[in-house]
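Chain IDs A, B, C and D follow the sequence of writing; residue 1 opens each chain.
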Amino acid sequence: MILFQCDYNEGAHPRILERLLETNMEQTVGYGEDAYCESARRLIIAKCGADESLAVHFLVGGTQTNTTVIDAALRSHQGVLCAVSGHINVHETGAIEACGHKVLGMPSKDGKLSSKQVKEACEAHFAEDGPEHMVQPKMVYISNPTELGTIYSKQELVEIRKVCDTYGLYLFLDGARLGYGLAAPDNDLTMMDIAALTDVFYIGGTKVGALFGEAVVIRNNELKKDFRYFIKQKGGMLAKGRLLGLQFETLMKDGLYEEISAHAIALAEKLRTAFEAKGYRYLVPNRTNQIFVIMPDTHLDALKGKFGFAYQQRVDETHSAVRFCTSWATKEDNVDALIAFIDKL
Amino acid sequence: MILFQCDYNEGAHPRILERLLETNMEQTVGYGEDAYCESARRLIIAKCGADESLAVHFLVGGTQTNTTVIDAALRSHQGVLCAVSGHINVHETGAIEACGHKVLGMPSKDGKLSSKQVKEACEAHFAEDGPEHMVQPKMVYISNPTELGTIYSKQELVEIRKVCDTYGLYLFLDGARLGYGLAAPDNDLTMMDIAALTDVFYIGGTKVGALFGEAVVIRNNELKKDFRYFIKQKGGMLAKGRLLGLQFETLMKDGLYEEISAHAIALAEKLRTAFEAKGYRYLVPNRTNQIFVIMPDTHLDALKGKFGFAYQQRVDETHSAVRFCTSWATKEDNVDALIAFIDKL
Amino acid sequence: MILFQCDYNEGAHPRILERLLETNMEQTVGYGEDAYCESARRLIIAKCGADESLAVHFLVGGTQTNTTVIDAALRSHQGVLCAVSGHINVHETGAIEACGHKVLGMPSKDGKLSSKQVKEACEAHFAEDGPEHMVQPKMVYISNPTELGTIYSKQELVEIRKVCDTYGLYLFLDGARLGYGLAAPDNDLTMMDIAALTDVFYIGGTKVGALFGEAVVIRNNELKKDFRYFIKQKGGMLAKGRLLGLQFETLMKDGLYEEISAHAIALAEKLRTAFEAKGYRYLVPNRTNQIFVIMPDTHLDALKGKFGFAYQQRVDETHSAVRFCTSWATKEDNVDALIAFIDKL
Amino acid sequence: MILFQCDYNEGAHPRILERLLETNMEQTVGYGEDAYCESARRLIIAKCGADESLAVHFLVGGTQTNTTVIDAALRSHQGVLCAVSGHINVHETGAIEACGHKVLGMPSKDGKLSSKQVKEACEAHFAEDGPEHMVQPKMVYISNPTELGTIYSKQELVEIRKVCDTYGLYLFLDGARLGYGLAAPDNDLTMMDIAALTDVFYIGGTKVGALFGEAVVIRNNELKKDFRYFIKQKGGMLAKGRLLGLQFETLMKDGLYEEISAHAIALAEKLRTAFEAKGYRYLVPNRTNQIFVIMPDTHLDALKGKFGFAYQQRVDETHSAVRFCTSWATKEDNVDALIAFIDKL
């Protein structure tokens, strides 16, 4: 069986494993203060425009990273604006609320928030006679690509930034799949743009070539203060911090992160061509590594047991939307096999 | 200026103040374990069908009561289903989230939840392949009357109870305005029904004749255990517990609670007649003590400075919905003055 | 039976009840924004040295006030230094921890913290190589009088302030029994001193003449910001805020707070004279309204059923320490009766 | 420079890396539900006495594991008894409190809790007239070996178990260094004993041969329920769960865990012999992999820059206690080099 249901079915890029082997018995200090972490930090800062004031931290996983960043940013009466489909709103078992903060879910069909929505939520709150009866919006959480594979344009990000500045909100970008967003054919954002326009964002490793790991980049000084306390408290301070530093050092060197992201996108595009040829429509069109395609249930039945995919939702009596993902690890042969199978349906 | 914006503008029913005066220098033990609390408990149990196994506790205010009940009921991965307009979802500054629990807001136009919605939410959750990525629904929160003045029928409550039983959910009814719900012309619920159908509910005092105070009634044994720890921790264990016991003793005796609730409803009905005569429509029709009426902005301008009302929302370019409340304290003269003023607009 | 076990057995000073009666049917806006609250604020500011920049808020009870102040002040990695006997450490059912903050208990025999202890705790933390593995001290909580009836001298408070300034800590004084501390014969602090030396403190009403209520006074601007959100979230924003304003207005006018505090202290001193004549020793000597006296168990047995007292702890095989309290409400006749009874033991 | 300051300076046992390489491009389902996790579970259950009802879960790190277990076990008014030196009390940045639970620190010189202490704490709490004003003890947390390298005897564990049964407390054993405890010459406990006597414990991987990872073993059914929700919420549900399963499968097979633990203990014993020959005393004597030795400051100065050790505390004007650790990765040559250096001091 060939799995396409997610982008974390395999281990890590071979270069990463190689480096783990080479350095395995080196003695390094713990908790992210070793030379590999330092080197990875410098490489990330370089990609982000060489702004030396950026703080870079390495954490283990996405839910942990979201929780750590958001809890470090908010006081207990403040909430985070988020598309209803946002990962923190639906797929983290209430981790944000467990830290005491409300996720202020906002309607969204494509997984994105608009600057207009943010503006209206803030206006509604601060214009209130007694705003203290309600949770105060203090942060905007967006993911790029979103959970539905869509991406923000530079213009959209600039506009959200403006609203955040007007109302004193932090802008936090969840980049669990950032590589795949930056590699998308219709993308016009760079990592430098993102570092400049957000208060804090993270570069996903788990889904983009690493065994695990997310690199948090903080521009806003308020959020830098005492951040390591939060990493430790939320369980994200890996004893053998070297493992994280070394993985990101490898990904950020010699264009590896971009190269493997591009690989996933190329294969996703190939798959899209086949789906479109077959006349399938999309639940949400996008050009990143997640394809949300609407298929006849009979076709899905035929795929079962041979190809893994993720069930998303029923569309009508005879059709469902499902997700196929490519990743850094996807083999072209497997994509070809899937295409061949689909062709014959 | 005559205030109609809410049902807590005045102090307490004179009989309550009288009793406070009479007993002021008596020495009683603290924290709700005095004879007045005990007497009030017995009176409430009698109204609830004389089920001696019911636990009754007295707390100071509504937000505190909601927080205490919900935190006592839920573990940190569990959430509470609630209409989006529910008080805990919008008007308690994230108190439930601050205790670590997600409020699972569900669409509602009239402030009510349907058994169908609850069923669908539970089905969706428990049918999931990996439900542990999502907050587990464990409680249903309804208010009766709701924040929009509507009430549940006995049939509706029975059906929600059934779904709760199927999925192992607690049913919690916020009765901050319970008296006004039970006194509504279209109500078919009794306090006995509510005590029998919910796991826990509360009888509002603050808005129905007391200076302050809410009486929590618990039927489910799981929720009874250690409940006083939660009251204390959430700041609801009044040192001079007698104040709460005495107020509820007074309200529950000789039909006072029902009498003053009926007074508010009679005046609300009088006001409705006048509004309808004028051709005003309702944002949400109901027969309790809160009237959500749609009026021309010009009329609202005329009322300003003379009559207090609460602004609810814009309806169209020239109309807004506003709230007028009556209460146990409303004077018929004031209602008449408002009607006379409206008539002349 | 005559109760001496605590200072909250009775209701409120008659002048307060009188004012409640007079104003009962007045219509006022809710949530602490009425004219009575405003008037009480002005009176408190005047007592605190007429510093108009002080923020004053009214809450219902002590646990709630401590929780609200501390949660408003601390981020989740920060803790509050406190004597092990501090109310927040032992008698609030973990309310501070329930908001996510560690109480850093420090040894103390007399209920007080010394500036030296605070200094050492801060030095130990900030000198650490990896301080982020430990909770960061950010606030000092002291009570005055303490839970053991002792008080701070001005010099002691000045020194704690200095250490707080050195390490960037907030100083919070719990004044649940403040009146009795200020009225003690050996006190050299004024409310003005306290307002000047702390970042935030509160003036206790519940134990000093009010039905309930605590007045929080905030000097530090950081703590003022959004404080009403916290009051609401923690359940302390009384719908009928007038009740709190009116009580504090009455207490703060015409020297009533000082007068009734002095009454309690005079009776405590009278009782002490009798205890000392009898040869009893103190568990912790002090001159405020709580007397922690060591008595033979046989004497305690004789008192039972006639006089109420609070059991504190066993001292040796035949002696125990118990607490007798006086208050604004204590009648001299009752004190005389107790003295007469003791004399005959 | 040769590092002895902790037991997590290196990577993983070579067999683990080998297995990571071999399986790197296998496609497995995520979140701990793959075949490697299943296999590791079976191996652990076998070591724990083949009780098939045991639940086994894999998490990433120790702080996370402690937080997850404790938050899953306690309601918000309940606390966990713990030696003051316990990891959760001092070295996890208040992670337990951040989840809303008080750590009830108890005095201890050797890092251990006695059944007597637990009994007294429970008696004191439940005998109280108003226990609800205090945090309710509901769990006992012990570490074995402790943070000071000491271990519990079987008899001690049996007695703590008895007290826990009497008062309805959960017993949780933190086994971050479990292998080194079981391999100690003076140990009489087996993993089977621990599985039988505790409600929940964990087998440390991070410090005993794995790159990272802790295996939680749950015997008490109450704690099994919904445990995966807590793992997810606290950020411990590794996307590529295979990494954890595979590491524990390797450690639990063919006696590897016992073998590498014994290696560390043998080298620690060798080091002890040298320390004792030199006349050094111990801060806390023990036979596990952490040696807390008291040395003249002049000797420590000589070691600096050549050998890494952890500073523990000042003992007198000229002596300090420091920690030397061995681990699965310690090379005998390095121990010999240290011994030779010490000999010459």
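The rule we apply is simple: a contact is a pair of C-beta atoms (placed from the backbone, for glycine too) under 8 Å apart; a residue touches a chain by one contact, two chains touch by 3 or more.
Because the structure is predicted, anything quoted here is derived from the model rather than measured.
For the pair chain A and chain C, chains touching both partners: B, D. Chain pair with the larger contact count among A-B and B-C is B-C, by C-beta pairs in contact.
Note on chain placement: the centre of chain A and the centre of chain B lie 42 Å apart, centres being C-alpha means. Chain geometry summary: the mean Cα position of chain B and that of chain D are 49 Å apart.
Separation between the centroids of chain B and chain C, computed from CA atoms only, is 33 Å. Shared interface positions of chain D, i.e. residues touching 2 or more other chains, are given as 76-77, 92-94, 98-100, 132-133, 229-230, 232-233, 237. If you check the complex, the residues on chain C that touch chain A are 31, 71-72, 75-77, 99-100, 130-133, 136, 226, 228-233, 237.
Those residues of chain A that touch chain D in the complex are listed here as 1-3, 6, 8-12, 14, 17, 20-21, 23-30, 60-64, 67, 92-95, 98-99, 206-207, 211-212, 229-230, 232-240, 242-243, 308, 329. Put simply, chain C touches chain D in their complex at residues 76-77, 79, 90-94, 97-103, 105, 132-135.
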